[in-house]
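Shared chain: subunit A. Partners: subunit B in the first complex, subunit C in the second.
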Partner chain A sequence: MPVAGRSFFLLPLIATAEFSLSLRREGYSFDAYRYVFSDPDFVSSFGYSALIAACTIVVGTVLVLPTVYLVRLRLPWLRPVVEFIVLLPLIVPPIILVFGYLRMFSSSSPFPLTGTARGSDILLICGYVTLTLPYMYRAIDTGLQAIDARTLTEAATILGARPATILIRVILPNILVSIMAGAFLTFAVVIGEFVIASLLTRPAFGPYIQRVGVAKAYEPAALAILSFIITWIAMGLIQLMAHFSPNVQRENR
Partner chain B sequence: MSRRTDVDGPESGLVGSGYPRPDKLSATLKMFAQKQPDWSALIGVAPFFAFAAVMMIAPTVALVADAFVNRQGQLTLKNFVDLNTPEVVAAFAESIKISSASAVLGALIGLGLALVVGRGVSNSRVRSIVMTFCGVASNFSGVPLAFAFIATLGRLGLVTTALNTIAGVDIYDAGFDLASFWGLTITYLFFQIPITITIMMPAIDGLRREWREAAAILGARSWHYWRYIGLPVLWPSLLGTLALLLRIPSVPLRRPTPSPATR
Partner chain C sequence: MNLIDPAVRAGVTLHLSQITKRFGRHEVVSDLDLEVRKGEFISVLGPSGCGKTTALRMIAGFEHPTTGRILIDGRDVSRLRPDQRNLGMVFQSYALFPNMSVAANVGFGLKIAAMADRNIQRRVAEMLELVGLTGLERRFPYELSGGQQQRVALARALATKPAMLLLDEPLSALDAKIRLSLREQIRDVQTELGITTLFVTHDQEEALSMSDRVAVMNSGRVEQFGTPLEIYNRPTTRFVASFVGTLSILKARLLDPARGVVEVATATFKNLEIPRGVARGGHLSLAVRPEAIRFGVYKGDVILRGKVIGVGFYGSVIRVRLIVGNETITIDTFNTPLSSPPLRGEDVDISIDPKSVFVMRAE
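Showing the complex of A and B:
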């Protein structure tokens, strides 16, 4: 079973890699990759998606961190409600979400966000924040669980810090590792997302892969390998971050 | 700050364990009884709830409401009746078939592999590589996944041509097609199995060796152990995984496009 399992998961990757290298008739070459990297659309769409991912991470953190912190320390009765809301994106598919946006924020509505490029960007970021909420929440919640947020808060309060100061200068640096883990996962999700970006007609990386996939033969295989590598890097960084988390350090002591 | 209650408890898992325990519940009731909400904290969580209401709940509710209204704004079920065309019904039936087949197979194979890895692999480095790979593979979907399988099992894919040259078997002549039911199911399994492994692993780690030993001392065979101890313990997580797997492939556009299959 392990051998069959291994070949089932490795063969598609090997086949894709082999195909992406065989653009030239006479032998293997990196030409497909060269074409991909020299395509200005690749650079611009990847840059756009990376920027949107960064905005998503910042907005997600600003929304989730104070909520998790306050619910943990001062509003424990709200916890079931928050946990339920955070699970909603796993239940509601992105396509429902984006059709809802198109209906609520169309150019004839009071908030015509879909009418302008900037407005669509905002909707895209909001959609991605929603989509990645479960990951962000879980990461930050785990991080806050690992540190003694209550004692830290009490110590900072005794020293005269105000709640906002405590959150930014005491709690945030302590759980930065967990936030990073959530951030890399968010990045991987946003880079590959297709449905929302395509229906909001934004020049993101997911629709770009789709377009190339329809029009070219070898470049899509190269893009598939590249997106696989990007996801590996994101996951590897999460593992690395988990290695440095305060939880592990405490165990080692 | 002095009024707040203690919430140090067992941590919640992914699904549904966030409900207060009885001792916490009494603390909750006390909060209500005091009728003195923690206003500053409530203002702090307000942005989160505002975002959830405007960006998650309102669009969904608006869309659901739309489904029951006609152009004149009257309540109607006609929109659903109109869906009763051969194409829509066939598309739904096909999606449900593929989704259930890949979910059930994914859960069973994933459980088997998770058991092999969870109980057989003690090397923590190998395990971490397997788990990282599962994390990557469960995110590997959409167009890249479609191309990976076209390059493997497409008409001129690596495995197809290899089988043809080595064994002289043309799987396409034998009736296989990547865009068919089995082709799509196999493609979906590429992320269904890793998702199962990721979710089931903590539950499998929770199977204590003592239980097995105790069962063995009492004369239970391996079959008895799984029938009466192992499976009942894993059952809730397995059902939860199955529910999650059933939903995932119903997302559109994860279907490989068969057109660029030529090489």
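Showing the complex of A and C:
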């Protein structure tokens, strides 16, 4: 990558990191990070977002895997429609989605989900599942393409396996790396998401970063760096899992 | 074309009756009749897109026929799911489950059938011994060569003791040497188990060398169904004649239909079997195999003279192409230490035995 390109990406990051270490006048320190970690709201908001991310991953996988599998094997003519639908979250801003939720599920509606914390959590997960649909769909679709799901399904079928067994024992283990890739992308998106969580008034990590940013100077920079590190760890894990995938090992032989 | 021999009905394992398959307006398989006896090794041979794989997939249950019936041991299975048909299948791409070891792959069908673990282990060991892979139980598919993977696929297909074995171009993805050894092994295993086998291939050498009978398909129809010798030596259609083996086609003119006299370039063939409906002076095609033509002048043969335009060396065989009149003729001759092949540009005499000539209507 040319130097200019590297600088474009790295300089703001280095500047933010440098600023996050500059809380003390006499020199660099990790005080901003220490304050962040000692803040009970940091732990609770991060824990909450991590839990919501885990739920989003589970719901997203349960929704997307059978859909993609079915479209690939039985309904290939439906593929362009599904591809269009899963791209909608990239076109329609999250704020439109969340206003739709607030209108449909307000306390005066037939389904007053926003009236309770649990209901709002469910809406938040639904919003995140929608928001991360393009990533999860693409990851799983690529995984199914790589393993030749049709032939594996036919091989298992003729050996007596029923669809649920095939999905759980043959397909799922072989696209686990792809699912994990989708899961880490989902995790990275959910951890930093602000709009939906804020408008549903959920105690998530995104609104927490925003609140800290309003009130403090150095801690938001520390939080930004922490968010980057979380995302990088997620990406690193994707690479690591892909490296140990049986399919990749076969190709490397 | 009805390919059912009434004499063999008693021993039937597979019977395809008037099978037709359409995808939208496109008819992929048309009025397919085929009867396979118990323990037979049948090849379905044809070019890409002739409908052979669709026919196999209908037998397996992955596709349903638009019309017609599929009977396995007399039971109509046309509308049954693949898992209800008790078939084993080997795929071109092996289709081994990458997340499972060799033993788990071979035992998968048995596990699904809820067989006890001890019995599964015993059966897996038997199957791996059968295909010569004992000791590789713990390996994963990516740790095996292509040939080994296909042997695991064969063991897996046979482990559940299927009524019939379906092979969908299982050797196509392998290199030439392994393909040769594996086709012998497949045939040995099939003979040992006596399992009825349907083998789909586009490779005529595989079909002719492995099979008890061969069905040659073209454009969704079976053109000829017979033993490899019948298919090669007595092709009944122009397609079979040209698709199986190499043929030189010579333009000819019918001089005397009653005595089978036909004129080709500078020579005359006599006592040929003339297709019905061709009048005196009508145009015909004479087809002749490369190995049925000899260099030199032999008594009783028809002699032609031509110019050599190409010489190919294939180890034990030398293939020579020459121009006779306006036609190209291909000749195969054994490579022996005492003989030397003709040179490019040389004029040579060739002899054709009239009995080895197929007479077809001109296209």
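Heads up, the rule we're going with is that the second predicted complex is superposed on the first by the 248 of 253 C-alpha atoms of A that agree within 3 Å, B and C clash if a C-alpha of one lies under 4 Å from a C-alpha of the other, contacts with A are read in each partner's own complex, and residues count from 1 in each chain.
We adopt the following convention: a residue touches a chain if its C-beta (ideal position, glycine included) is under 8 Å from a C-beta of that chain, and two chains touch if they have at least 3 such contacts.
On a predicted model such as this, the values are computed, not experimentally measured, just so you know.
In the superposed pair of complexes, A:Leu70 makes contact with subunit B only, with no contact to subunit C. Counting residues of subunit A touched by each partner, subunit B versus subunit C, the larger count belongs to B. Once chain A of one complex is fitted onto chain A of the other, the partner contacts of A:Pro173 are limited to subunit C, with no touch recorded for subunit B.
In the superposition on chain A, contact of A:Gln145 is made with subunit B only, not with subunit C. Using the contact criterion defined above for the overlaid structures, shared-chain residue A:Leu88 touches subunit B, although it does not reach subunit C. Within the superposed three-chain model, A:Thr157 lies in touch with subunit B and with subunit C [touch as defined at top]. Of the two partner chains placed around the shared chain by superposition, subunit B is the only one that A:Arg79 touches, whereas subunit C remains out of contact. Contact with subunit C, but none with subunit B, is seen for A:Thr165 once the two complexes are overlaid on the shared chain. In the superposition on chain A, subunit A positions 154, 157 are in contact with subunit B in one complex as well as with subunit C in the other. Taken together, the subunit A residues at the contact with subunit B in this complex read 1-2, 5, 8-9, 11-16, 18-19, 62-64, 66-67, 70-80, 82-85, 87-97, 99-101, 103-104, 126-127, 129-130, 138, 141-142, 145, 154, 157, 163, 188-189, 192, 194-195, 206, 209-210, 213-214, 217, 220-221, 223-224, 227-228, 231-232, 235-236, 238-239.
Subunit B contributes residues 1, 4-5, 7, 11-12, 14-16, 18-20, 24, 27-28, 31-32, 38, 40-42, 44-45, 47-49, 51-52, 55-60, 62-63, 66, 109, 112-113, 116, 128, 132-133, 135-137, 139-149, 151-152, 157-159, 189-190, 193-194, 244, 247, 250-253, 257, 259-260, 262-263 to its touches with subunit A in the complex.
Every residue of subunit C that touches subunit A in the complex is listed here, in rising order: 60-62, 81-83, 85, 87-89, 91, 93, 95-99, 108-109, 112-113, 140-142, 153, 156, 160. Per the touch definition, subunit A reaches subunit C in the complex via residues 147-148, 151-152, 154-162, 165, 170, 173-174, 246-247, 249-250, 253.
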